[in-house]
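Both of the next two complexes hold subunit A, though its partner changes from subunit B to subunit C.
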Partner chain A sequence: MQKSSGLERASYIYTNRLQVARELKMQGEKFGGYLCCYVPVEMLSAAGYVPFRIIGDMNEPITNADAYLPSVMCPFYRSCLDLGLKGKYDFLDGLVSPHACDAAERVGLVWRSYFKYPFTFYLDIPHTVHASALVFFKQQLAHLRKGLEEYTGLKITDNDLKKQIKLFNRQRELVRQLYHLRKVEPPPVSGTEVLQLAVSLMGLPVQEGNLLAEEVIKEVKTRKMKPSKMKGRVLVWGCLIDNTAITSLIEDCGLEVVMDDTAIGSRTFGHDVELTEDPLDGLALRYLEKIVCPRTFRETGKNRANDLENRFSYLRKIVKDWHIDGIYMNLIRNCDIHGYEVPEVRYFFEEIGMPVLVIEQDYSTAALAPLRTRFQAFAESIEANR
Partner chain B sequence: MFFAGLDVGSTMTKIVIRKDSGDYLSIIKPTGAEHRRFVDKVMTEALYKAKLSFEQIDYIVATGYGRVNVPFADTQLSEITCHMKGVNWLYPSVRTIIDIGGQDSKGIKVKNGKTNSFVMNDKCAAGTGRFLEVMAELLGMKLEEIGEMALRSGNPVAISKMCTVFARQEVLLRLSDGAALEDILAGLHQALAARIFSMVSKIGIEREVVLTGGGAKNAGLVKFLEERLGFSVQKPDEPLLTGALGASLAAQEIAQKAVADGAMPKQKNHTLTPASFFEEMPSVN
Partner chain C sequence: MEEKKKKRSSAKTLQTAREAGYFGKKMLANTRMAVDEGRPVAWAMVEWWLGATIAKAMGVELVFPENYGAFCAASRTAEPNLDYSESDGFPSTLCGYARNCLGYARKLKENNFVIPAESTGGGMPKPDFLLACGAACDARYKWFQALGRYMDVPVWLLEFPQTGSKEYFLPGNKEENISYMVEELRAFVSFLEDLLGRKMNWDGLEERLDILFKTHELAYKVDLMRRTVPSPAVCTDFWALMIPHLYLPDDLEALAFYQRVYDEVKYKVDNKIGAIPNEKYRMMFSELPPWHTLGFFDEVAERHGVAFVFESWNYHVPPPLLEDEKKGITDPLELIARYSYHKFHHAAPAAKEYEIDPILFTAPYLEYVRDYQVDGLMFHPLMSCRPATYTLMHVRNLMLERFKVPSLVIEGDIVDLRVFNEEEALAKFDAFIETMDYHRELRKKEGLHW
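The block that comes next holds the complex of A and B.
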């Protein structure tokens, strides 16, 4: 593993994520597990934990979790719990489970009840961005800090937090650099490769992750690209994609995944934390207000047109800057928060002339084959209309 | 020049061979379980009917769910694109295509002869021809008979469940209540029409609407769908053929563009062979 570098190493870590974590643990690292992109990783890192994003596995049938959670719930979170119940995450030293969506909350509750980690914390995240919600969320972050201090016996100073904020800002900036490199045609790095890096970064110590991201950027910048035979450039909107089986399927069908608005992607790496005097202010603002996920309600505008413009104009900018030809709206089955948002987002995209493909997928690689026809047809229609 | 379009569907394999002048002939055979072995036989038969040799065909496009198992095809295209091309050629004024196949159903919105948007049913049998196959079997009737019989109903029975398995239970319950066969069939067709209508509504239904696939051959389904839409729909004389027809049109477009670009239209020199199963592949030794 030490010999490889850049994209090859990212691919290795992506594929062997749990094994890599276990190896690091043998070398003395501690791992703080967390669900969703709303948990401030800076806090875990400042307390001496490697923040480890818990994700599911589309290749692993959900068998154990169904005894604890109803099957009407999102299969991504059911898969997360299933892996936990099967012992795949037993190297974790703690867990921060947020009230991100109902599914994340339930999984966190079951997880904390059945796996006796030395440290667990329930992070309450408001569903609005009003001033009072920010005050509340900042208080939650203070509780998390205190909880971590009490458990580890270490003081987390403002300077510790600021140091971590700088390191993670650097990481986010590096991933954004990679995103920017995909603005040209042909993009020098594929959606699959970017996903491999993103998933790798969510399980590595921050400095190691930053080195990896720097290597990847260096490698990508020197790539010699031939003109592409692809049929169109797509933006992925939706909950999340954590498995390259989906990006590969899309890319196999002739579509380039060049940008995303998803939870393992631009929602994680999109915005920096402002270095405020009290670091909790910057963290609260970044994690509550700047992450745009439909789990958070935003009251904007006096009428519908105004509301759409205020909520989604950033998507128009992405479409323009990344030269997008079509939108893939990726829904994981039973994700109601994204499902409810589809009609408005779809309308917004169609109004700016974007073809849209909406798929509600089952979060299972075994169920991907029937989607090939849809992606192929979408690619053909984009090519014909280009 | 000659072009072929092959549509290997879940139930039927359809082939259209066309001349650049526009004349075409077609053949339709049941796909069966072993379409990999079967498709070259249907092709041989189509060629025999056309009095052509395989070498005389300039370009072949395969479509349908079995498109990946046509080793002698030059290009594979999705059935969405092919249906759209085929229907648009037959009905230039078409805006919405509703295709009801044996395994899936789909809605395609057409603008300027191109696919504007499309929608397909989810992976289950609800909203597809399979739903009616299961019900015909349950009622001991032939698939071809049930549509006509549904039309004789004066009092359709409401079927609330669209899941094929649950709807089957509901039918059994209605039978035990003593409901008339035609009323149950009418209810089933109404339920299917409602399901398809709501699916296609997602892309916005505009006239003209053309109905294709095996479902278009069912008079009951056509009537209940028209009731739901509030206007009449168009049906090709042979609604099973539009995918293969579109594939042959695509083959013509690709080949003629290649000729215009000064290239050989047929890039691959395949022979007419069946696709092999993995275990039949020659061993390394």
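The block that comes next holds the complex of A and C.
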């Protein structure tokens, strides 16, 4: 691996994450692939796997997956399988796929029909946070744990899990520190740099990732910042962004990406696992209830106002704390989970005075160029109203 | 404008199928009457008999916006609703049924919740609650959650766990799934009791379940008879017949109707009367049809002797529960949970045998293709009911690899007729006939029995 540190190293790992994984594999690491932010990475790590988040590639045209998935489904998950079919994830030793959304569920299951890994597990995830849902989810986690034990021949003790929970809590806390550093103007670290770190962490052994995050924070804190010439500070809400082509485009148009509410971002790093006596309790609570994604249904309450408050009040706090000037709502085409949410989230943001830009994109860097003028116009309008 | 396209309804081959539309109209009329009489009404998703029977036992009249979407599509009145929902910011890629409903709900709200006079089929009245479901697709709860934009009514989400083929056989897992569903059903009963201010009618529920199982037993026997060559019924019959067994199986009128369906199909089987005059090819369809152009299936029957002998796993009743599984159950909620779970997982053994996933939308076809002696499959990836079609290409691959049965893929939509090109589809079909001939020979060489 390249000898570098901090942001430079994060950028290198982000750009070469598959190669880095293969190098680590040569050194004896085992990799447990997983989809989405709902798989407890602590469990994989406790079983001796490096948890490796499977993502797509916006630069790679989807070709092989056409024979397995219809074109009308989520292009991000189509891209994930496409890369798998092209052998890009051939270093994986196992796969855990969650019932996070329809696309994640079906792609994970189709995936293991064609790739016979030594270990696979389909993790069913309830849609509600009812008490019975938590009990059920904990049972699912127990099956995952047992499956990992049977395959690896290793006993995963409560202490093993607690140790991993502490390590990943540390990682989440470090990333949150980086997020907090962006509350100031000008932010000492860009949205692109944070994304590079986030993606890097999702493919490294946890302790190595924590060292990297500490290096990045140390470097960022010592940066000498000049007054910003940017036109506004934006929050990115919606479907995940795993490619800096999007954040760079937004930043090139004069907008600072200072916060996100996405699955490779605050939904992954936003909440710690509580250290409960039975670690599965803390894991169940964190992964089912604390992650706030539209895929989980929250009780509607008495009326619309009540419902919107229940579902979105955390966004008001983000807008205030990060001094947000505008919202970019990122929708990957064919994402039902976020698609149904758009009108109400937009309404909520507009009610608190936020200008909003909604873009439904095709998860392809080739299709980004036409969006430049929309981001430029959005930046101009934000600057005019700032 | 696409509205100028000629509407081509299906003739249907069964007399009972021609009559089945009555049940859709009956549901709509019953809910409107209930409102007039001050009785509770709910909009429900298809939830595979998990909560609807419970709600009805509590005196709630149900209407299913999915069925209403198909109704609007078949009568080509959905487009204004689709446009209305899109103008409110809902992406055009969302479920066509959902967009139809969202557009309709907005109109309803704008008319002070008085059903607009021009509403298809007389329209759906404002509900007292919305019964969502976690099975099969995310739209089943996100759509109803999104309706909060137009009406202040509570949404209840019925959980419906889904299991992978390997996990289905893990010790304890199935029973945990069932227990979870039972707990959720108890919570649903409490929700209803609080909302309606009345206690659950347990005797009424058991009576309804008894009728439901009788109706479904007949529906299942009809499915079995369709294995006969020539096929006594085809897909266009099924898509009409599914209304009573899917939405109203606990209705005595539906049970009596299904006895007639059974009798009609049995008569045809006994007398070797095929649904189409000259059955040459036996095909299967997946998953939902172009409701606006069902005449397409009559056309291919006429041109090529194609009988669509089976279709759409999602909307068929499952095989009856085994006696062992029912033995000793005294709690009707547990019986419901076991039956609904069974619907989604009855093909788990087939999934295990062939080492494939998922069970839903995929494994059942591994059984159907053999049982119904299928020569080819028509897949219909939907622009706006996408999750039902995510596994179509996967099933296509499995059918060809494991059974030498080819597939034809024709894109379209359940509601939006703008994305279905009938002429192009017919041309593709013409070419597909030779492919089926070729694979029929291939199957013979490989010793497959059909």
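Quick note on the criterion: the second predicted complex is superposed on the first by the 383 of 386 C-alpha atoms of A that agree within 3 Å, B and C clash if a C-alpha of one lies under 4 Å from a C-alpha of the other, contacts with A are read in each partner's own complex, and residues count from 1 in each chain.
The working rule: a residue touches a chain if its C-beta (ideal position, glycine included) is under 8 Å from a C-beta of that chain, and two chains touch if they have at least 3 such contacts.
Note that this is a predicted model, so its numbers are computed, not measured.
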Touched partner set for A:N385, first subunit B, second subunit C, both or neither: first
Subunit B versus subunit C as contact partner of A:Q27, first or second or both or neither: neither
Subunit B or subunit C, by number of subunit A residues touched: C
Touched partner set for A:T373, first subunit B, second subunit C, both or neither: first
Which of subunit B and subunit C A:S113 touches, first, second, both or neither: second
First, second, both or neither for A:Y68, with subunit B first and subunit C second: second
Touching partner for A:E360 - first (subunit B), second (subunit C), both, neither: both
Interface residues of subunit A shared between complexes with subunit B and subunit C: 360
Subunit B - residues contacting subunit A, complex: 65, 77-81, 114-118, 120, 122-123
Subunit C - residues contacting subunit A, complex: 88-91, 93-95, 98, 132, 134, 137-139, 141-143, 145-146, 148-149, 152, 154-155, 157, 159, 161-164, 166-167, 170, 172-173, 176-177, 180, 183-184, 187, 355-358, 361, 381-383, 386-387, 389-394, 397, 411
Complex contact set, residues of subunit A against subunit B: 355-356, 360, 367, 370, 373-374, 376-377, 380-381, 384-385
Residues of subunit A defined as touching subunit C within the complex: 66-73, 99, 101-103, 105-107, 109-110, 112-113, 116, 120-122, 124, 126-128, 130, 132-133, 135-136, 139, 143, 147, 294-295, 297, 300, 302-304, 307-308, 331, 333-334, 336-337, 339-344, 346-347, 358, 360
